[in-house]
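Here's the structure we're looking at; comments come further down.
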Amino acid sequence: MSPKQPLTTKQKDYQKLENKDEIKRPLLRNCIKAFLVGGFICLIGQCITVFYIYFFNFTEQTASNPTVSTLVFISMLLTGFGLYKKLGQLGGAGSAVPVTGFGNAVISAAIEHRSEGLVLGVGGNIFKLAGSVIVFGVFSAFVVALIKTIFQLIGG
Amino acid sequence: MSNRKAMKVLMVILIACLFITTGCMDTKKKGDAKWALFKTTNPNPAVLNETSEEFAFSEEIHKFVLSFPEIYDAAIVVGDKQVLVAYKVKQMQRFKMKKIEKKLKKKLEKKFKDQNRKFTVSSDFKIFLEVVELNENLKDEKYSRKKAKKHFKKIIKLEKEKT
Amino acid sequence: MLPMFFWAFVIGGLICVIGQLMFDVAKLTPAHTLSTMVVIGAIAAGFDLYEPFADFAGAGATVPITSFGNSLVSGAMQEAQTHGIIGVLTGMFEIASSGISSAIIFGFIAALIFKPKG
Amino acid sequence: MLKGKQSWTFANAPAILTTGVTGGEMEGEGPLKDDFDLLYDDNYVNEDTHEKAHRKLLEDAVTIALKKGNLKKEKVQFFLAGDLINQITPTSFAARTNSIPHIGLFGACATSMEGLALAGFLTNYNGAEYVLTGTSSHKGAVEKQFRYPTDYGGQKPPTAQWTVTGAGVALVGKSVGILKPIPKLTSATIGKVVDMGLKDPFNMGGAMAPAAVDTIMTHHKDLDHGPNYYDAVITGDLGQIGNKIAYDMLQEKNFLIDRERLIDCGMLIYNKEQNVFAGGSGAACSATVLYGHILNKMKKGLYKRILFVSTGALLSPLSFQQKETIPCIAHAVAIEFA
C-alpha cells in the first residue's frame, strides 16, 4: 500500500465526522504556557550565565557553554525524579525547545534502556530521540558553512 | 496537582540560583564592582602610571566614549602601551554590538593617533566587571601596582581569547 | 544588564511559541520540530543573524536548541578561517561540544542512578 | 454455530466461571479500585523492569482466577492470551510459568474479546473443559515500545489516552450443572479490519471508532437484534472522543441506540482528576473493566445482557513512521447473566 493512496469518499466522510468530534488542542493556552515555561527556563539560563561571569573566568561569549552544561545537569535531576515529563506536559514546546529538552531526550532514553545493558541499551539508544537533532544540525551547518566559505573565497 | 509540584521544584532552583548569585557577591567583590553589571557605574577612569597627563588623557577618552549615543556606561584603564575600554551598550542597540565595537575602535585610534597606544575595546560584561574591579583596587593607595599591572594584562588576555 | 533578563525571558519564550505552533498547527513530532529549529538556527547563523540576536537576548537565544545550529556553523567558520575548506569539516564541534558532551555524561550517570518512573 | 456473516452463537452456554484482575498504581487511585482483586501501589510490582512487572501482573491474575475457582492449573486445557509488546513476550513468559498449553493471540487492544470468543467457541464444542483467557498491558512497557521513553517530556494532546497497567483473566468453562446464575457467553462476532485513513497515533479513539461501529452493527444484523436489545453495549478503549464518534456514527447509520447504553471502559477506569486526557486504553483496559467492574455490576443485577466490544489499533511504531494509516479491528462477545 503506498502512503499516497487517495482516500475513498467513505474515508473522507468519516474524517469529516471525526474532525467534528475530536477535542481540539487548546492552541492559545498551549502557546501561552509554552511562552511562560520556555521564557522561565531561558531566564534561569540567564541567571546561570551571570553567575558564571561573576564568579568564574568566563566572558559573555564563553559563559554559554557552562550554562548549557548546568541546565543539562538540572534536566538530569528533573528527568530522574520523573518531574520533567510533568513539566513537558505543562509547557509543551516550552520545555522541549530549550537545551533542557535536548538533555531530557538524551537522558530519558538512557534511563529507559538501562535494562538492556550498558553497551547495547544505554550506549546504543542514548541518541534514539536526540540523534536526529545532531544529524540535522551537523549536516545543515556543514552545508551553510561550506557555502559561506566558498562565497568568502570568491568574494573576498 | 503534580504540575504544581514540578513548578515548586523549578521555583526552588531559581531561588537557589538567585541566592548564589547575590549571596556570593557580598563576600568577593567590593564597592562598585558588586553591582557593576546591574547599574550604571561610570567609574572614574584609572591609570596605571599615575601622572596628571595620564589622568587628563583618560578623562578625555572617557568623555569621548560616552559621547556615543549607543553607549551609556564606560570603564577605562590606561596602561603604558595599551588602553582598555570597557563599555555597556544600550539594550536596543545591542543588535549592532559588533558594528559599534568596530566603529568605536576606529574612531578612538583616529582621534588619539598621536598617543601611539593600542586600544582594546570590549562590550563584554566580564571585561567590564574586571575593569571596574581593577579600578576599585587602584583607588586603594596601598594596593600593589605590580599586581594591578598583572591584572591589567590578564584582562587583555581574556578579551583576546574570547572569540 | 537588567533589561537583558527581561529580553532573555521574552525571546526565549517566543522561540518556544514557534516550537509550540509547529507541534499544534503543523502537527510535527518533537523530533521533527527540534530538527527543524536546529536547521533554522544554522541558516540564521549563515546570514550572520544569530550572533547579534544572541548579543541582544543573551540566554534567550543561547539556551533554545536553535543556538546549537548556530554554534556548529560558527565553529566551522572559525576553523575555516584558519584552515580553509577542510576546517568546515573539522571545526564543527569546536564550540558546540558542551551540550552534547554534557548530555552524554549526565545521561550515562542518570542511567546508572535512576530507574524509569512508570 | 455460524450465524449470519461472521458471528457465532453458543448453544451450550459456556460461562465465565471466575476472573482475576490485577492493577497498578493509577488504577488503584481510580473509581474502580474496589473491583480489582489485587492492586500494586508501585508500577514495578516488586520486579526490576517494567516488562517483568507486565508479566507478573498477568501471572498474578491467572493465579487469582484459578484460586477463586478452586482449580489446579493442570485441569485447564488452554491458555489464550496476548498483549501489546513485541512478539507478545510478557504473555509467553507467563505461559512458561504456568505451563498450560498456550495459544498466543495478537489483536492489539481487541485481544481480550478475541480470546474470550475463542475460549467460548472451544468450550462450546467440547474442545476444552476449562480455558483461561486474558490480556495484560503495562504503561511503562507499552509507552517504551510505541511512543517515547517514559521519562521523556513530550506533550500529549487531549486526544491521547492513558495505557492501563494491569491484567484481566477469565476462566471459561461449561455452565452445565451450575444452578446459580453466572455470566454466560451467548454469541460472538469476529470483526474485520477497518481503516479510515487516520494517521495520528495520539488519537486512537478516533481511529478505532469505525471498527467498533462496524462490528456492533454486524453483530446486531447477524443475530437479528434491535438496537436496544442489549442493556449496554460496552466498548473497550475508545475513550471520550471515540465514544462520541461511535455514537454519532451509529445515529447517522440509523442504528438508534439509546445514548446511555453506549458505554466505554476507557471512560470508566479513571477519574477526571487523574489527567488521563481522553481516557484509558491498552489491552488491559477492556479486560480489567469487564472481568472486574462490569461482571460485578451484572451480579448486582444492573445489566442482564451486554455486548462487549473490544477495539484494537493494529499499528506498530514502524508502520506509523513509514506513514501508513492505522488499521483497526473490533471483536464482540455477548454476555448474559442467567
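Think of it as A, B, C and D in the order they're written, each chain with its own count starting at 1.
One rule holds in what follows: a contact is a pair of C-beta atoms (placed from the backbone, for glycine too) under 8 Å apart; a residue touches a chain by one contact, two chains touch by 3 or more.
On a predicted model such as this, the values are computed, not experimentally measured, just so you know.
Undergrad: Counting only C-alpha atoms to place each centre, which chain is farthest from subunit B?
TA: Of all the other chains, the one whose centre lies farthest from subunit B is D.
Undergrad: Suppose every chain is reduced to the average of its Cα atoms; which one is closest to the average of all protein Cα atoms?
TA: That would be A.
Undergrad: So how far apart, in whole Å, are subunit B and subunit C when each is placed at the average of its C-alpha atoms?
TA: One centre to the other, that is 28 Å.
Undergrad: Could you work out how far the Cα centre of subunit B sits from that of subunit D, in whole Å?
TA: Whole-Å distance between the two chain centres: 69.
Undergrad: Between subunit C and subunit D, what's the gap in Å when you average each chain's C-alpha atoms?
TA: 45
Undergrad: State, to the nearest whole Å, the distance from the C-alpha centre of subunit A to the C-alpha centre of subunit C.
TA: 9
Undergrad: Would you mind listing the residues of subunit D that make contact with two or more other chains?
TA: Subunit D, residues with two or more chain partners: 50, 144, 148-151, 154-155, 157, 275.
Undergrad: Of all residues in subunit B, which are in touch with two or more distinct other chains?
TA: If we look for residues of subunit B contacting two or more partner chains, we find 2, 37, 125, 163.
Undergrad: Tell me, which residues of subunit C touch at least two other chains?
TA: Answer for subunit C, listing residues that touch two or more other chains: 1, 4, 23-24, 30, 115-117.
Undergrad: Please name which positions on subunit C make contact with subunit D in the complex.
TA: Residue list for subunit C touching subunit D: 23-24, 27, 30, 115-118.
Undergrad: Going by the contact rule at the top, pick out the subunit A residues touching subunit D in the complex.
TA: 1, 3, 7-8, 10-11, 14-15, 17-18, 20-26, 30, 79-80, 82, 84-89, 91-93, 95-96, 101, 104-105, 107-109, 111-113, 115, 128-129
Undergrad: What residues on subunit A touch subunit B, complex-wise?
TA: 40, 43-44, 47-48, 50-51, 53-55, 57-63, 74, 78, 83, 86-87, 89-90
Undergrad: What does subunit C use to touch subunit B in their complex?
TA: 1-4, 7, 51-53, 55-56, 78
Undergrad: Taking the complex as given, what residues does subunit A use to touch subunit C?
TA: Touch residues, subunit A against subunit C: 25, 27, 30-31, 34-43, 45-50, 60, 64-69, 71-73, 75-76, 79-82, 85, 91-94, 96-103, 105-114, 118, 122, 126, 129-130, 132-138, 140-142, 144-150.
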